[in-house]
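For reference, the structure is listed below as structure tokens.
Each chain carries a letter (A, B, C and D) given by its place in the written order, and its residues are counted from 1.
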Amino acid sequence: MIQFQCDYAEGAHPNILKRLIETNDLQTVGYGEDEICDSARARIKACIGREDADVHFLVGGTQANLTVIASILRPHQGVISANSGHINVHETGAIEATGHKVLALNSEDGTIFGYQVKELMETHIHDGAREHTVQPAMVYISISTENGTLYPKQQLFDLYDVCQEYELPLFIDGARLGYALASPANDLTIQDIANHCDVFYIGGTKVGALFGEAVVITNPSLKRDFRYLIKQKGGMLAKGRLLGIQFDELFKDNLYFEISKHAIHLAMKIKKACEEFKIPFAFESFTNQQFLVLTNKQVEKLEEKFVVSHIENRKDTKVIRICTSWATKEENVDLLIETLKEVSLI
Amino acid sequence: MIQFQCDYAEGAHPNILKRLIETNDLQTVGYGEDEICDSARARIKACIGREDADVHFLVGGTQANLTVIASILRPHQGVISANSGHINVHETGAIEATGHKVLALNSEDGTIFGYQVKELMETHIHDGAREHTVQPAMVYISISTENGTLYPKQQLFDLYDVCQEYELPLFIDGARLGYALASPANDLTIQDIANHCDVFYIGGTKVGALFGEAVVITNPSLKRDFRYLIKQKGGMLAKGRLLGIQFDELFKDNLYFEISKHAIHLAMKIKKACEEFKIPFAFESFTNQQFLVLTNKQVEKLEEKFVVSHIENRKDTKVIRICTSWATKEENVDLLIETLKEVSLI
Amino acid sequence: MIQFQCDYAEGAHPNILKRLIETNDLQTVGYGEDEICDSARARIKACIGREDADVHFLVGGTQANLTVIASILRPHQGVISANSGHINVHETGAIEATGHKVLALNSEDGTIFGYQVKELMETHIHDGAREHTVQPAMVYISISTENGTLYPKQQLFDLYDVCQEYELPLFIDGARLGYALASPANDLTIQDIANHCDVFYIGGTKVGALFGEAVVITNPSLKRDFRYLIKQKGGMLAKGRLLGIQFDELFKDNLYFEISKHAIHLAMKIKKACEEFKIPFAFESFTNQQFLVLTNKQVEKLEEKFVVSHIENRKDTKVIRICTSWATKEENVDLLIETLKEVSLI
Amino acid sequence: MIQFQCDYAEGAHPNILKRLIETNDLQTVGYGEDEICDSARARIKACIGREDADVHFLVGGTQANLTVIASILRPHQGVISANSGHINVHETGAIEATGHKVLALNSEDGTIFGYQVKELMETHIHDGAREHTVQPAMVYISISTENGTLYPKQQLFDLYDVCQEYELPLFIDGARLGYALASPANDLTIQDIANHCDVFYIGGTKVGALFGEAVVITNPSLKRDFRYLIKQKGGMLAKGRLLGIQFDELFKDNLYFEISKHAIHLAMKIKKACEEFKIPFAFESFTNQQFLVLTNKQVEKLEEKFVVSHIENRKDTKVIRICTSWATKEENVDLLIETLKEVSLI
């Protein structure tokens, strides 16, 4: 069986393993204060063009989300998110477990708009009983989203303008940031992102690393004591250099961006094939996640050889997700396309 | 200005004040373990026909909700509620502040149905990634609801059946229980309620008391250590007898039910008048809250003499709420009806 | 049996009951925004000489403590307290339930000193691994303390200086503030207190009210959104005027201070008698709580007629607490003294 | 500079790196449900002689502690620990952040005794006001402790008996379990440990792994839904197999125990040398942490070549910690001993 189920089925980019071995006997101080982490931080800051940023390495996405959000909010405040946002549906209530409500906005495609945030804020501010409702106090988005969709530059800039107007920190979950930036439909640079939010993270787990997310805090007022929060929430690795090693390699010689392109190249190949075979999509995605609508019979056929994710059961059809990654082999994609052709004829 | 804005604009039923004065010099032990509280508990248990129940007196509704819910759930679990449920929209995230997500179900009229809960449970149980989502673990409803609507007996019984099937404790918020039971459209008794849920409360604040809600736990597995929770959440009154006094009076000679009928009688008078004047309703309510749809001009006119609640701004109209209570004066209702007549002609 | 067990055995001062009756039919807006609450707030601000303060009325002490502390601290921060502090031992972990550690300092008599706080801060700041420990971020004290002891003016002023040096908000629990101020050993005024802390509360429950504590926030940076916190923690009374009524009466014509003097007069009478009868004290207290060390036999004898609190079981002796209050009758004190004389001869 | 500061200065045992490389291209399902994790779980269960146990892999110690404790306790409950316990002093309030108080018992050497727990339980149970205090509901200990000390078999068995008498789950933090078991002073087997607690973990981070702790739940009543908790607290690694790989290697051919012996051999060499040089210890330790009392001048001298941990500043002396680990080189130990000899003569 060949897996297209997710973008974390394999290990890490060989450069990372090589570096792990080279540095294995090195003695370093713990908790991310070693020279390898310093080097990785420097590379990231140079890459995003923000020497003033604070960079912290955390183990995973849910941990990064809950740590950042808990660090920012006071007890009566909530975080605005698309209803399909990862924090709202796939983190077992991690945000609520830190005491905060996720204020979900309707979203067709996984993105939200500045005007929606504006509307929510105005409603809250003018509510005579506003103290009886959660105060919206920050905004969370994902680039790319759970649906594989992107934020067009103008949509992000407008959203950030609204956030600044209402003093709402904007937090971008970049678990799949590499794949977003490598998309042919994307018009944002990583510098644009760094300059149009208050804190974001660069996902490693899904983009070449064994594990790890690099949290970048650009807003100075959000930097204070963040390491205490990392420790408290269980995210401070004793051998912090493991995370440093991974991001140091990923941000050397553009590796992060190169391997992301590979995944997108293959995803676009699958997309084009589906279009040719008239297989409909649940969402039009130009990133590494493709959401196909297939009949139950078609799914059965596909699953004889491939593992895919089941996203939604509709009446006679299913939405399934196919993911590519930095590690996906082109020969497996070719096999998949062949099978999709057969499947489309059922 | 005459207030129809809420059902807590006045003080308490005179019997309660009288008893406060009579007992003022009495020395009692604290924290609800005195003989007056014992008497009140006995009256409530007799009234609901459940000698086996535990009865606790808490200060207010939000406190009762958060204490009961925090007492029942484990950290990864959430509480199912109508999206319009008080815990979901009007408690400043009190439930989330105890660590739990409110799992909101769509609701047209403020009630939810057994089949909705069943569907949610089946979806959760069969989700391959269920550990990544909050586990639904109890159900919260209000009788009457935020929209003034009622649970028909069969709807409650069906819901409770589903709850039992999935081992979900059912918790009924009875902040307006008196008004629900007194409604001409109601077919439930207080015994029905006690026998078709695991824990509920009888609202005092809105029904004759100065303040206070009587939490009734009928499911033995939910009784353990509840007093620790009351204390921790700040709900254990040093002079606990104040709550005992109020419920002892309210449950003497049917007072709770008699004063509720008064509020409903007046609400139905207003409802009938609106129907006659062709004033539309946002929700059809047979309880003490009436939701009128008026043009902005009509609202302005009405507000020359009366205070009402603004519930929703629609395009050219507003939904306003008119409440009656045990304390509402019939002469004020007559004045209101006169004005509504004028208003209806604008 | 006559109760000297606590200072909340009776109801409220008659003036409060009278006002409750007079205002019972009045229609007011809810949640503490009515004119009676406004009047009470104005009286308190005038009394303490701080027109700039924010005054909020909460239901009880545990609630006031947890609401204030949760409002101030970020997640990684803790509150410094004497090990005998109410928040550390008698609130069922209410502070921890909001996510924060109580950082307990040793205390002989229930008070803490500026130098202890300074030492803790210096240790924390110079700890190379400080991110691995809770950050001390505010100080909590009680006046009078759990042991009935007082803060001499200089001790409070020194403590506040240290707090300011380290930017630690100082929070004073004044559940028994009236009794502290009325003590012959006290050299603080209520204005001193208001001017040497960041937030404090004036206890009503134990000093003449049915229930209620008036939280006074003098530090402007702590005022923001406090009402959201009150609501979330279940402390916002629908009929907020009940609290306004009580504090409006207590702060009319010096009533709060007059009734406190009564309690202290009686406590000092008991203290003097014990000294005469050579009954030892566990703590030397000049407030309304007296801590006597009696043999088990002596306690038995005393408890034939009186209810007292058991504080500590020592080898052959017990520490028992005798409380007076605004409501204590002089004739009962005389009876008690007679019995103590007999007891002392056993 | 040579590091003896901690037991996590280097990477991982070479077998682990080798396996990482071998398995890098393998596609596995995520979140610890892959075959490598299954194999590791099987090895651990066989090793401890408990086929009925549940084994979960978590990223680090603080995370393991907070996840296990949050999973067990209800909101009003606390966890009993030595005052020097890691959860009480070195986790930035991680336990309190999940809502629970750490109930600290005095401890001379880092261990606690059954009679102390018994005493606390009896005091709580017989406290008339017990609902006003946190309910002790589980016990946390570390083997070895923060002071490098061990639990003699009888002390552990007695403690567990008390825990069972009072229905208190016993949780053992085994971050340094390997080093404890390899100690010449130890009389416990890993089977003894598995059979005399309810849940424990086997530390990988400090004993040969890159990172990771294996939580073993033997008490069936604590198993339910633990994976939800792992996910919520941010501990569920997408590429879960990374943890499986590490424990599969560590529990192959006794590797975990062999490499632990190496660390202890070197620590005992240092211990013996100190005894010979008359360097006093703060605690007598037979594990991989040695706590030396040196004058400030001696410390300065030592730190010309070696990095050590500062544990406590006394008047003219310091307590410093020297750690060995599976990775420590004997030649470095020999150099250290030479220097200690010189140091002892200052």
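Basically, a contact is a pair of C-beta atoms (placed from the backbone, for glycine too) under 8 Å apart; a residue touches a chain by one contact, two chains touch by 3 or more.
Just so you know, these numbers come straight off a predicted model, no measurement behind them.
Shared contacts of subunit C and subunit D, meaning chains that touch the two of them, come down to A, B. Among the other chains, the CA centroid farthest from that of subunit D is the one of B.
Centre-to-centre separation between subunit B and subunit C, using Cα means, comes to 34 Å.
A straight line joining the Cα centres of subunit A and subunit B is 42 Å long.
Note on chain placement: the centre of subunit A and the centre of subunit C lie 50 Å apart, centres being C-alpha means.
Multi-chain contact residues of subunit D, defined as those touching 2 or more other chains: 75-76, 91-93, 97-99, 131-132, 135, 228, 231-232, 236. Remark: subunit A residues 75-76, 78, 89-93, 96-102, 128-129, 131-135, 310 touch subunit B in the complex.
Listed in rising order, the residues of subunit A touching subunit C in the complex are 31, 70-71, 74-76, 98-99, 131-132, 135, 225, 227-232, 236. Subunit D meets subunit A in the complex at residues 2-3, 5-6, 8-12, 14, 17, 20-21, 23-30, 59-63, 66-67, 91-94, 97-98, 205-206, 210-211, 228, 231-239, 242, 307, 327.
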